[in-house]
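What follows is a pair of complexes built around chain A, which joins chain B in one and chain C in the other.
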Partner chain A sequence: MSTDTDPNAEADAPRFDRVDWEAYAGGRTGRVSTTTKLFALTVAPIVALAGYDRVAAGERETVFDAFAAATDLPLQAFGLDFAVTAVDYAFAATLLLFVWYLVVPLFQHPRIASHYWRRFKRNRPALVSLAWLFVVFGGGLLGPLVLNAPEQNILAGHQPPVGLTVAEANVPQCVGEVADGRCGGTWEYPLGTTRGGVGVFTGVVYGMTISMKIAFITTTIVAGIGITVGTVSAYAGGWVDEVAMRAVDIVLSFPTLLFFLLVLYVYGAGLGMFIVVFSLFGWGGTARYVRSKALSVSEEEFVKAGRLSGASTRRVVRRHVVPNTASSIITQLTLLIPGFLLAEAQLAFLGLGDSSIASWGQLIAAGRSDLAFAPWIVLAPGIVLFLTILAFNFLGDALLDAVDPEATTEAER
Partner chain B sequence: MSDAPLLSVRDLTKHYTTTRGGLFSRETNRIRAVDGVSFDIHPGEALGLVGESGCGKSTTASSVLRLTEPTAGDVIFNGGGRGGAGRNDDGTHPNDVTRFDRNELKAFRRDAQLIFQDPASSFDPRLSVGASIAELPLVHGMTDAERRRAIVEDLLERVGLSADEYDRYPHEFSGGEKQRLALARALVLNPDLLVADEPVSALDVSVQADILRLIDDLRAEFGLSVLFISHDISVVREVCDRTAVMYLGEIVEVGPTEAVFETPQHPYTEALLSAVPTLDPRSSGDHIRLTGSVPSPADPPSGCRFHTRCHRVIQPDGIDLDQSVWRRVLDFRERVVAGEIDSASVRERVRVGEASPGPPAGRSERAAADDTEVGGPDTDDAARVRAAYDLPATFRDPDVDRAVADAVAALLSGDDARAAETLAEAFTTPCADHAPEFTTHSDGHRAACLRHRPDLPGGMGVFDAE
Partner chain C sequence: MGVAGYVALRVGWAAVVSVIIVTVTFGLLAAAPNPSVQQAATQAALEGGDPQEAVERERQLRGLDEPLHVRYLDFLTGVYTLEWGWSEYRSQPVTTALADAVLYTAQYSIPWTILTVLFGPLIGVYSAANMYTWRDHAATGFAFFGYAIPNFFFGIILLLIFGVWLEWIPIVFRTEVPAFSLANARQLAIPVFVLVTGSIGAIMRVSRNESAAFRNATFMKTAKAKGVSPLRAYAYHVMRPTLVPLSTTLVGQLLAIFLGSSLLVEVVFGIPGLGRLTFNALVAQDTNLVLGSTLLFTFLAVVGNLLEDLAFTVLDPRISYDDREL
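And now, the complex of A and B:
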């Protein structure tokens, strides 16, 4: 065995048997990764803005107005003139989380990413679903910057969508052309308008933002709590496991809807409250899945190999166990998101939602009384909601097949 | 290199306790997976550990590496510059792996590594194989990513792969390639000891030979010591300098590979060897068939653990039967005592026997059997019972014959307890009463069998006396 420790010889040809491991021993290896640094760097301005909002901006002033006034920057010109809520800050931070820990790693490892993509591509409905979700995501993200916020205009109420007509008697004032006593739709309101004259198209696009906020923020909270509780429970065992799993039982059997109604009567129910309440009681199933998956993964030989490498349990769990529970987490989450979206829509339809936001549920609720002659008010957001939920379900299925390593080995056996 | 062994395992024991039942009716079960195993591995040496599956080989391996915490025993590892240390005053050893603290254990991980049995699951499917291998240097403090990559790429070439396979993923490799990768991972920290747990049993025979040759080459090049675990004797024969044979948590024979396989001194080794298919047409006749099932490690047999299946099980004074008949008598006794054979099952067998044309004759002493056939329905049934359980219709030894006849009669009359008692009294073997100790046969060749002890009845000191 060579114990050559000459640094020059080592530098010439790095060979495993010429390394003096004693010299390395004790070195710190738990350094913060580049991704984490970049994430911290990008999330810092958001946190700073939120802090500024809290400290410096006035009651009736949006944070951008306050900031523009203080610094003379023409922020309004970039469309940054809307009021920023706590949900928006959370949404932005969540998006960054997804970019740095999901999108960037996929680009960093093109080989495995293309492998996943090849397997994902086989599922046609999932491809269409992905495209649709991109539309919803893009519309939700960029729509509010392009389109003006939905505005009431009583005179333009009940306008029909493009290509459809409605009896003139039902319309306060026809924006388009009137023929044979029927009012035609115009491109000004491609999907028609509500009773209050709010463009349904604008409403649907703004609803995309709300839906994306719900999807991303709840996912993050549920995944965060579920993965932590699940893996800690699986690895700690004993009474920790017992306590955690009983907590899961409580969470799963908790009457979340009734609790939300209670909160609603006491504090009022904004979108933020909805997200917090529903995701704080929505992680039970995820934690249980993650726990069982982590238990089975920890029996795999590569986890033993991780322990044999001398790595700490924390490192083994983070590097090997959690990533390999991803398939069950993803399915679980893609099945949860539709549940949250539906819950929001249902509450809004019952008039229990946040009436200050333009969610799909609010739009549907606004059109329910005019269903007889203006079905587009309900149908347009209803169909969009339906398609989005369907897309999440298809996507979950396809992702499970694409990402599950078990499926890989079985397919190649 | 000094004469001190690199690895010295003493009385290694691993018992698993399983608890069944609820809060009030706890039932603990002790599985003696490994029960007092001792062996040495010298620097540069390859020791094979063979035995049937479930005999505790893999548990031994993971206990030696402290992947599982052993229940008792010492694992003294003198590699990685730890050599020359003596025992402390209180009998503990500074190099005892079972007493290593966190830091010592982490340092030990650099010096002893493992190759797993299943190449399919030994790599994280979500990491490139290069990243998986390079994780070890990272964990041990090498933060320079380029250096890690260079080392791993060099190593990939050494195990017969190419450097640009660093970025590929486990699913892109065949079983044999994965086992090469596993070797690379095991070697990347430059260990002194390599534990190979059935490294080739999941591979095709043609690939097996390649991997074995690679292990052999690397062992020679880097002076590795290898603990090679396998159920396949031919594989162990190929790579190992010395071989230890394990049965039910104990080592029954250990010695130089040639000596163990040419002149086996333990009946279990003999049986294992005869199970290996050979091309020699002359050897096909003396196939040793192990009777009975492998006993549960939760309740191992008393005395010599192999006595319930041994084809050379010792006959007590006063009994002189054909060895194969003696084995069958003992099997019968064992099953009656264990309650596997009771009056109900005996009657069932008799009924089946009646349905078939004519009572089957016993295997030996057929003429005598024919005589007893006309004795009436009772003797008829008794003959059927004997035939059903592979016993001869009559024994030459009248005492033996009477005992068996009494037991069969008792079974037929429904008195299970008396049958068990009769058999247990009549047939005993010293193997069940005495735990064998190791006897030395030639240089370093030791076996634990009572037949090597001349002071015992039936023991003859020399094994092949028959």
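And now, the complex of A and C:
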């Protein structure tokens, strides 16, 4: 076999002793990687805008208005006319984090990416789930820029979805066509309207934004705390490990929803507080998982080799342990997101959520009293919520199979 | 360390966790302005009195002028001696209100728990025995459906179908029917079904995947070679080892659903149980009752986690007590 190969080609083939290890290892420690620099560069404008918001923008004007007035830039033309909250800044920063540390690395390492992709695409439900999550993600990101914010219009209340009709007695005024006493739906409101005349479709799209914010920000905070506590616990050992794992026990046995109710009762709470409370009590499982993973990875030969060649503990953890646990961490986080989305919807449904945001739960709550004759108000957001939770579960399962076929039972726990 | 030592240690730890939770709760309340103090001030101002004086009086009345550590110790003793105060909204002691509500919560929680514990592992093992057949796929589909559908949404939909359209079940929960009667069974059937669907999925998946490992084990081969019937083989050789890892999931799953969804399900179906009491207390701004019900749920969570760990210890004799995690 080796006799027919071209000797030149063999010389060009990658060989262990000719690999430029410096290029792979990313140089010495202490030097900031290109990714980090790019991340810092892109996140700087957001931080600057947030600072500007605090310092310069008035109480009653949005930061974009203030900025546009100061610089004569037509920002409204780009759909940038909404009020920006702390959650929005956190969301933007988190998105950049995901782009630079998850999406870009996948493109930088096409071989590994295609390896995972091959294993992942065998699972057809997971592919569909991924497509659906892209729809939710895209809708949540672009929808608010394209569609106007949901507005009340009493006269257009209870309009049916396209293709359905409703008895004329149930609608204040029919926007679509009336045929034998029944009001038909119009494309102006593809999924009908609520009692207040808010388009259900618009509501669902705006709800996607809320859900994406919750998913991204909580995941980032949970990952940050979980990975830090998990790896420190595994590497420090001794009393640090003991204290950290006891803290994990407490966090895990803390009924977060009830604790949030208490916080809500005492202080009142919006979306930002929801995200903070749920992520501060959501990292227990991740930390425990990372710890056990880090302990098993640290037994591997390559970690020993790294230590023998004089790498510091920090370097071993950052360059060998965390990257090797990353794939399982991502899986674990994917399976956590549905819980957060569900909790938000539940609170919104009870009327205890942030009433200033248009989440799916708010929409379900709004339609509950009209369920008998206008079921679309509850059904549309409810089904979207169901599909999103289902998609995250399927995706988590498939990722689990893709990165670690042995661990199927672990994540089910 | 023997079993007794381990159990003692684990119970001690549960006590510590409960104290920590109570402390956090106290910190939360102490750091915030007390709503009743503000109410007193508003009332005084409305009636033309001196708000400052009213605030002082109210603070004195509530013992808020005491130093922090005294209030903390008072709070701690109050919580652990079950002196949970008076519920303004219910006009009865908090503990009595909670005890009344528990009866209604138990009416659907007990059948729900029994059904889940009974059918979850059974369907899971059945699924594993028929792996990759249409039965397995159907069970898996059902598991994912139940896991993903929000309980409150599912409840609303079923209430619409069976309550409003078909009129099979009453839309509003009737408290006057006796607990053990057909009418009560009928009005609780849908809530129980919703909760079972929500909690059984995860248990089915775990028992399916766990028992899949035992299905092809050598002891199963031996059993089959000896001519043991499939039913007996699965019941004795697959089900039993499956139950050990399952026990860790089971309590946690049930607890999670109980704490999260019972609130929603009770509100949706109008059952006057613990969840609805908590919700009403929140809406009515009844601090003592809010505190009492959240603490009750919290203690249930702590005790549940304790039982889960103890069950795991008793069921799995293979691990020594010394290197066991608390």
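Note that the second predicted complex is superposed on the first by the 373 of 413 C-alpha atoms of A that agree within 3 Å, B and C clash if a C-alpha of one lies under 4 Å from a C-alpha of the other, contacts with A are read in each partner's own complex, and residues count from 1 in each chain.
Assume a contact is a pair of C-beta atoms (placed from the backbone, for glycine too) under 8 Å apart; a residue touches a chain by one contact, two chains touch by 3 or more.
A quick note: this is a predicted structure, and the numbers were derived from the prediction, not measured.
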- Item | Partner chain(s) touched by A:323 [first = chain B, second = chain C, both, neither] | first
- Message: With both complexes superposed on chain A, which partner does A:356 reach: first (chain B), second (chain C), both or neither?
- Response: neither
- Message: Contacts for A:311 in the overlay, against chain B (first) and chain C (second): which applies, first, second, both or neither?
- Response: first
- So, does A:148 touch the first partner chain B, the second partner chain C, both, or neither? neither
- Task: Name the contact category of A:266: first (chain B only), second (chain C only), both, or neither.
- Result: second
- Task: Would you check which partner chain A:258 touches, where first means chain B only, second means chain C only, and both and neither mean what they say?
- Result: second
- Touching chain B in one complex and chain C in the other: list those residues of chain A. 408-409, 412
- Within their complex, state which residues of chain A touch chain C. 245-246, 249-250, 252-255, 257-259, 261-267, 338, 342-343, 345-346, 349-350, 352, 364, 368, 371-372, 375, 378-379, 382, 385-386, 389-390, 393-394, 408-409, 412-413
- chain B-touching residues of chain A, taken from the complex the two chains share: 1, 13-17, 19, 21-22, 24-29, 31, 109, 111-112, 115, 300-302, 304-311, 315, 319-320, 323-324, 326, 405, 408-409, 412
- Item | Interfacial residue positions of chain C with respect to chain A in the complex | 13, 17, 20-21, 24-25, 28-29, 32, 144-145, 147-150, 152-153, 156-157, 160, 164, 202, 205-206, 209-210, 213, 245, 248-249, 252, 259-261, 263-264, 267, 278-279, 282, 285, 287, 290-291, 294, 297-298, 301-302, 305, 325-326
- Residues of chain B touching chain A in their complex? 62, 65, 67, 81, 105-107, 109-110, 113-114, 116-118, 120-128, 132, 135-143, 147, 150-151, 154-155, 167-169, 171, 185, 187-190, 192, 222-223
